[in-house]
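Each in structure tokens, the structures are laid out below.
In what comes next, chain A is part of two complexes: it sits with chain B in the first one and with chain C in the second one.
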Partner chain A sequence: MTGEGSGPQSIIRTEALSKWYGEVIGLNNFNLDVRPGITGIVGPNGSGKSTLFKLVLGLIRHNAGTITVLGRKPWGNADLHSSIGFCPDYESLPVDSTGREYLALVGRLHAMQGAELSKRIDEIAKLVEMGRALDRKTGGYSKGMKQRMKIAGALLHDPELLILDEPLSGTDPLVRKDIIDLIKRLNRDHGHDVVVSSHVLFEIERMTHNVVLIYKGRAVASGDISDIRDLMDKHPHNIIVEGRGIAAMAKLLLDRDYVVSVAFNDSKDSVTVQVSRPDDFFDGLPTLIDEAQCSVTKMYSLDDNLEAIFRYLVGR
Partner chain B sequence: MGISPIEYRPWKGVRTAQKLRLYVIARSVVKHKLRSAGVIVLLVLGFFLVHTLSLLFIVLLPHEELEASDMNSYLGSGLFATFSMLLAAVVTSDLISEDLSNNSFVLYFSRALKIRDYLTGKAGGALFVMSLVCAFPPVLVATVSMATQTGSDYWGGAAVLGKTALVGLLVTVFFVPFGLMVSSFTKRKSYAAIGTFMSFFVLEIVAQVFSEFDRAWEVVSPIESLSFLFDWVYEGAAPYYVGEGALVGVVSAFIVIPAAVVYLRLVRQVVGR
Partner chain C sequence: MDMIRTMAGIAALTLFSAKKLLLGKKTIISILVALFVAAVMGYAGAQDVEPLEDGTNLLDTLILFFFMPVTAMIFGSSLIRDEIDDRSITHVATAPLDRAFTYVGYYLPLSIAVAVSMVAVSTVGFLAFFGQHRMGSEELEVYLEFLGLVVIGSFVYSSLFLAISVLFKKPVFFGLFYAFIWEGFVGSLPGAIQKASVKHYLRSIGSGWVEHGDISGFDQASSVWGSAVLLLVLMVFLLVFGAFLFREKELV
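Take a look at the complex of A and B:
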């Protein structure tokens, strides 16, 4: 999805795109080619996701390289926004306005008006299930309601491209599932191309298989999520196992071909296992426990945090 | 509360028209301001304290024609300019500060809108509200004066009416850019309102202090500079101690410099860094 092979189908295309703020690099030599569909942008906080979106929206000017969105250059091209709907990651609703007033303002900014606009507002509010809260001040909304109202604002003018910056942040699991379903439906049933960011790979995986991993302003991996998982599996994963009789388990582990190393931690009841194929390790764990006659009280992977995965990918 | 998979229909309408967007922002400002109790109180007070008395005098006292000197003394007394200053401080205080506070810039700039459009729309709304005290009432007073005059020189009166419209327009425009500029420096509208009013107040003090040495310094005072401007428009000349070039320079600076600062500030603060 990155680098080679652009064409008229590219929704967003960047080549050697760089943006810096004084001495701080926001994006560095960033290559990206987003095709129609849902694309997930995954990266830890401060990785450059928001900078990328600002550049896509033409809110900031890039320092080097090129960027095109829907075949057009975004900087200084305000008309392009008629085709883009943006849902920011931070709170941006005018607190003194009701949801209806907010959506009406958004609609009017897109030259929607009159009875058609009112009808559209009701329709979109129903879609994000905010119909009942439409006439309440947005200042009194919960986090989840604000997220949905922001998505409604992004959707109102029926843009070709939807850019959702961390739309799931701060939402409860039920709302999270609903938003994920909504995003998938918007693409599948209504043809919107969606670029959605998150710092949780798992969340993106539930929406799409097309992902771009960003770390420290660089696209460190992109493509199908299974390819990225394969890439990740080439690097040993560190798993900590704690419990009683762990020493016997450690001895058995050394015979397994997917185990790179086993090291005891501060106590004999805790080991760090470095594995090349985590899935094999987890699949074989019940057998191991049975064979070693041990009990596992706690087990966690040091590589579960995205930061560690990114460090692998950039070879640190 | 979950999202129901209800029917979703794409929007088929038109989604452009730049002029309409300016109007949308201006209308939003006007609607917001005309719902604000503080602004309404100021508008009503301003109308009664500044304009009603003059209106009553004109209606009750017989006069041959609309005189420029009468309009100058009515508008140039200082009360009109002071009230306009106060109203500008209140009207402009939250125009940008609130968007800074709510991060609402993205609401505007992720739409087909540029900074200059945003500022024009915001200023347009504020100018309309300001004009309710600064432009329309003086024109109304002048019109009533012409309608009730005993003489037949309507051409002379029409000229004064035109000058009154110009003066009203100048006062309307005079304070808004400065208020917008101060509003762009804070996230709290109370700070913006007080900041705007105090900035003018400080300029008044500076003008008073330095005018002890040279009366030309009076032009630094926003109220005095407006008063000199009225003299120039109505009487054909500013006071002898104020150069007309300096007067134009100061008045232009009051309008252009804050407008440029607020534009650059938004470019720096919000986008384009």
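Take a look at the complex of A and C:
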């Protein structure tokens, strides 16, 4: 779990951190210890990911607990921003400016200027593959181009820590793959520590094995993704099975020790099976079909979405 | 290094915002105001008038006491607030620049943009009116004196409306109230109440500078130096107050 052990290697550390907006709780007693490398923050929309990032960046003030970023308190500490690059999940590019003008402004705000700044802009544009679009107005960029340009803005001053809030949101699969590769390269080849958020677990899994799951303002689990997957596997899964002769299969299922319950849905051709070990269920399915002499036309899990997993983790 | 970074940051923000205000969508406001002033002063100039007296009164009424506070209100109430609302302020808020100095980086371009816009509008009005009459040293003197008042007013009104934009979520409503009700109405009432407006002190300075028109005979005037000091103190206070508010503001 989070919050154990600290030391010089902690990049972001929070203890009992809470933030509320009036009567709405953004983060609640939140404990976190982010170490170097790529860390994925996973949670459904409204879980508190963006609130966490705003606290990390010192854009908002926390109500309780403590937070340190690179060993320093973020609120009112503008110097810290020279070590952090931030790519927000919302559209933040000035629409009337070109990509080059935007990057020049960001660079100048970080005291870069002249030939050094121009060279750096070209380098970064090349890195995020935006070289050709640099002199176009950002208002005309596609979603993927805007994401790349925001990442470029975050990278321009070569920060130690990169905060990327939902960088894959709204992008098509090809762009998504490119951005995932870029994030991995930024850590592996350029040495940036990266904290990246998403509401899709498998996207984060393609970037890192080190994840933190957030739900309703709390860190519900953190660590290696395989440990979290083990934890999730213990979660009773609800699986819908539809087809012909399903009643015979349902009878056989009742004898299996991994089955918690079997319930018929609206018709006798559809059952909801609750299983404690989904892997065993899927492994034994061909044998079951064979024994019951049935045919399965459709099968899906009700619990493949993050929301169900989070509800389970919070309730366990 | 910190000082260099701060100065570089203020300069970068000043250039960027000034360009946005003067060459962006708001340019249309300045152009429309200039056309209106040119039409009104051009028409007035074509009539049978006492050029120095009537021209001065027109500059006084149109520029100094109407379009300048209104332009400062339109520019000032939207500059920071629009960036907070559309969240394009993120790259500024995450820069290594103390927010109090960032605020200065917004104040300077705002004041410059209002001043440049109003100097341009005044010049257009001046040429439209006096171009039809004699343009001697007296007319030029009036013109330069008004430009001085326009520049002072731009810096004072900008500090006021920028602070309002940080203080209120809907600054335009408060700005409209202030510009029209307070400055326009209360500032014109006879008696001591008009001393609670920026307009009164600008007119007081003007009464000591300009030798023509109604402004030269402003009978309720405070002293020129007293008015200048008061406007300076007000401007500095509003600048510090706005910077403090902006520094403590949560950008959600």
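Points to keep in mind about this one:
Criterion: the second predicted complex is superposed on the first by the 314 of 316 C-alpha atoms of A that agree within 3 Å, B and C clash if a C-alpha of one lies under 4 Å from a C-alpha of the other, contacts with A are read in each partner's own complex, and residues count from 1 in each chain.
Operating definition for what follows: a residue touches a chain if its C-beta (ideal position, glycine included) is under 8 Å from a C-beta of that chain, and two chains touch if they have at least 3 such contacts.
Keep in mind it's a predicted model, so treat the numbers as computed, not measured.
In the three-chain model built by superposing on chain A, chain B clashes with chain C.
When chain A is checked against chain B and against chain C, the one touching more of its residues turns out to be B. Contact with neither chain B nor chain C is seen for A:Asn28 once the two complexes are overlaid on the shared chain. Residue contacts after overlaying the shared chain place A:Pro94 against chain B and chain C alike.
In the superposition on chain A, contact of A:Ser301 is made with neither chain B nor chain C. Of the two partner chains placed around the shared chain by superposition, chain B is the only one that A:Glu116 touches, whereas chain C remains out of contact. Of the two partner chains placed by superposition, chain B and chain C are both touched by A:Gly153.
Of the two partner chains placed by the overlay, neither chain B nor chain C lies in contact with A:Ser270. Of the two partner chains placed by superposition, A:Ser169 touches none, neither chain B nor chain C. Within the superposed three-chain model, A:Ser18 lies out of touch with both chain B and chain C [touch as defined at top].
Residues 21, 54, 57, 59-61, 78-82, 84, 86, 88, 90-96, 102, 105-106, 108-111, 113, 153 of chain A lie in contact with chain B in one complex and with chain C in the other.
Taken in their complex, chain A has these residues touching chain C: 21, 54, 57, 59-61, 76, 78-82, 84, 86, 88, 90-96, 101-102, 105-106, 108-111, 113, 153.
Note for the complex: chain C touches chain A at residues 1-2, 4-5, 8-9, 11-13, 16, 20, 24-25, 86-88, 90-99, 247, 250-252.
Interface residues of chain A facing chain B in the complex, by the touch rule stated above, are 21, 54, 57, 59-61, 78-82, 84, 86, 88, 90-96, 102, 105-106, 108-113, 116, 120, 123, 126-129, 144, 148, 153, 156-158, 174-175, 177-179, 181-182, 185-186, 189-191.
Partner chain A is touched in their complex by these residues of chain B: 1-6, 8-11, 13-17, 20-21, 24-25, 27-28, 32, 98-99, 102-114, 117, 270-273.
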